[in-house]
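The structure appears below as structure tokens.
Labels run A, B, C and D following the written order; every chain starts at residue 1.
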Amino acid sequence: MSEIDIETETSTGWLADDALAMVRANVPIVYVDAVPVRVDSLGNVIEVGMLLRVAADGTISRMVVTGRVLFNERVREALMRHCEKDLGPLAFPRVPANPTPFTVVEYFPDPDRSGFYDPRHHAVSLAYVVPVEGECEPTQEALDLRWFSPEEAVGQEVRESMTSGHDRLIRLALAHVGKLP
Amino acid sequence: MSEIDIETETSTGWLADDALAMVRANVPIVYVDAVPVRVDSLGNVIEVGMLLRVAADGTISRMVVTGRVLFNERVREALMRHCEKDLGPLAFPRVPANPTPFTVVEYFPDPDRSGFYDPRHHAVSLAYVVPVEGECEPTQEALDLRWFSPEEAVGQEVRESMTSGHDRLIRLALAHVGKLP
Amino acid sequence: MSEIDIETETSTGWLADDALAMVRANVPIVYVDAVPVRVDSLGNVIEVGMLLRVAADGTISRMVVTGRVLFNERVREALMRHCEKDLGPLAFPRVPANPTPFTVVEYFPDPDRSGFYDPRHHAVSLAYVVPVEGECEPTQEALDLRWFSPEEAVGQEVRESMTSGHDRLIRLALAHVGKLP
Amino acid sequence: MSEIDIETETSTGWLADDALAMVRANVPIVYVDAVPVRVDSLGNVIEVGMLLRVAADGTISRMVVTGRVLFNERVREALMRHCEKDLGPLAFPRVPANPTPFTVVEYFPDPDRSGFYDPRHHAVSLAYVVPVEGECEPTQEALDLRWFSPEEAVGQEVRESMTSGHDRLIRLALAHVGKLP
């Protein structure tokens, strides 16, 4: 990996494959997780959105919006970028005014380390509940996006369609907004 | 106070003057405080709204939206009702999905008890930051509503126009959203 | 109810029965709920404590520490007072430095209003997770105190021994500390 | 940098200088900040601890405890490790049960990006208020540790002895615990 590579990468925030592999093997990566929700006029969460896509572990799973924070990028910008990428340009995500995540999810290559698993790396993910108001149409790698009531979201069927601890993340998000059944 | 009075009052949540006086002398009252804010598209707070009105201590002061939670009323409903009453019907307040207040403000008749003062009673107030998107026009008892940048909101001029600890509440709200200068 | 009664009551924070009945019929009451926990040296919650006692609905149930905030009492003082009353003088509860509750529990006489039920009144309760370090011996009205692992605390057996939404409160507390299974 | 280097580094979490330089130039680094506090028996913060040390920008400044999260390390473990390293083995830090930071501090090489500055890298730091109960004796690189009342901690003298936004971090911490003057 040359000096020139690094400089080029720095300016965009993207990394060449070998550089990313080196980073992943050596330091925790900063991530954001966004749990998309629909709220009523009083702010009550009435539905939780979940993507169907190929997860980090290779399974086709229900998942929340998730992705890396790039070099020189603000956490809010990363959150907005990943929401728009995964939910489409008309989703109108409302990133909360409070920068504090509702929980910090620690993904490890060892599935037993924290219960949150990612075979690719150790990621420290700031997790937010993000109300969306517009039309969502999953873009890029997602196969579909479906909305679930809080009861459905903690039910057996959804749990079994999630891997790597994502079902637990949904329960933590619902608890945070006072809607865990 | 007769049985009949109590029943009438219960059904509306409102209290006759003597009943309210008796309650205020004996138990803490449940309140909500709402700090209205304008946010940009990434959720950053860019302005804080403050009403100009006659405060509980009789002064004309800059204040946030504040008021009592009624019997049988949900906290969210009280928050929405007071925002609409003070900011007008077109303010479109966005009560957060998370029911946890950013701080709990304890108002006492003794100004030294907590630094938050209300000569009328002991109130325990759940304080929220509430983004508003629409047009605000102060209704009822407010003389005007003005928007301040975070720098202005913690500046000497605004501090001197606030009493009873409300200037401190503004600083706590700005800290919560990461915008305290 | 005479003037003299009210003044006497005010000074202690306690209310005569008829005054309390009048208050309960007319305004929400300020409460605190404390979920006692054991933590390891890194701050991880490893056990949740639950009392066995006669609940507000008359059943013998597993419950958290709960009680009223008195007139002129700080929320922290109420929290400490109820913990000491229910867990004994050697429990050494560590009330968190952050005054924000992990959730706000709204108890209503109507069991369907929020899912949290109290036949006696409408209470707005600030709920905290409180690590205890010392020896607990339940005093006063509690029959016993037992410690449960997070897995046990969300299990079917414990759920069935709780009423009025207290089982849900335990799950919200565990989610807050990142230990909801 | 060879394959062997990477593997050796991974097992300890430490990086060779050139590897660290490469990481720093390309991705945000996961950090923790700990604001040490003294609390009274009710959990009120009465003093804030600040180290005097050489800051990232080369100045001798008042600072909080701060440091990197290593590969395969839990956030709690990093928090405890840095507290023990900076405050000594007898400080007995009490890492909160709640894994959510009170704020997320984004340090950038560009001092204007967020107001939090680190010339070495882009760091995303999870910031916690950590009560300490034992004897602190600053170890390693710190010149001393001094305790400040909330009033002193936001005063002009302390502000001027801090750089890179650390004075603001102290104010955010005090606001979080309800003690910002």
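Note that in this section a contact is a pair of C-beta atoms (placed from the backbone, for glycine too) under 8 Å apart; a residue touches a chain by one contact, two chains touch by 3 or more.
Only a predicted model underlies this, so the values are computations on that prediction, with no experimental measurement involved.
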Self-check item: Count of contact steps on the shortest path from chain B to chain C
Solution: 1
Quiz item: When the contacting C-beta pairs are counted for C-D and for A-C, which pair yields the higher total?
Solution: C-D
Practice problem: Please work out the Cα centroid separation of chain A and chain C, and write it as a whole number of Å. | Solution: 34
Practice problem: Find the geometric centre of each of chain A and chain D from their Cα atoms only, then give the gap between the two centres in Å, rounded to an integer. | Solution: 26
Quiz prompt | Residue list for chain A, restricted to those that touch at least two other chains | solution = 74, 99, 102-104, 176, 178
Quiz item: What residues of chain A sit close enough to touch chain C in their complex?
Solution: 103-104, 168, 171-172, 175-176, 178, 180-181
Self-check item: chain B residues touching chain C - in the complex, by the definition given at the top
Solution: 1, 6, 9-10, 15, 19, 22-23, 25-30, 68-75, 99-104, 106, 108, 110, 113-114, 122, 124, 126
Quiz item: Contact residues on chain D for chain C in the complex?
Solution: 37, 39, 41-45, 74, 76-77, 80, 94-99, 102, 129, 131, 176-178
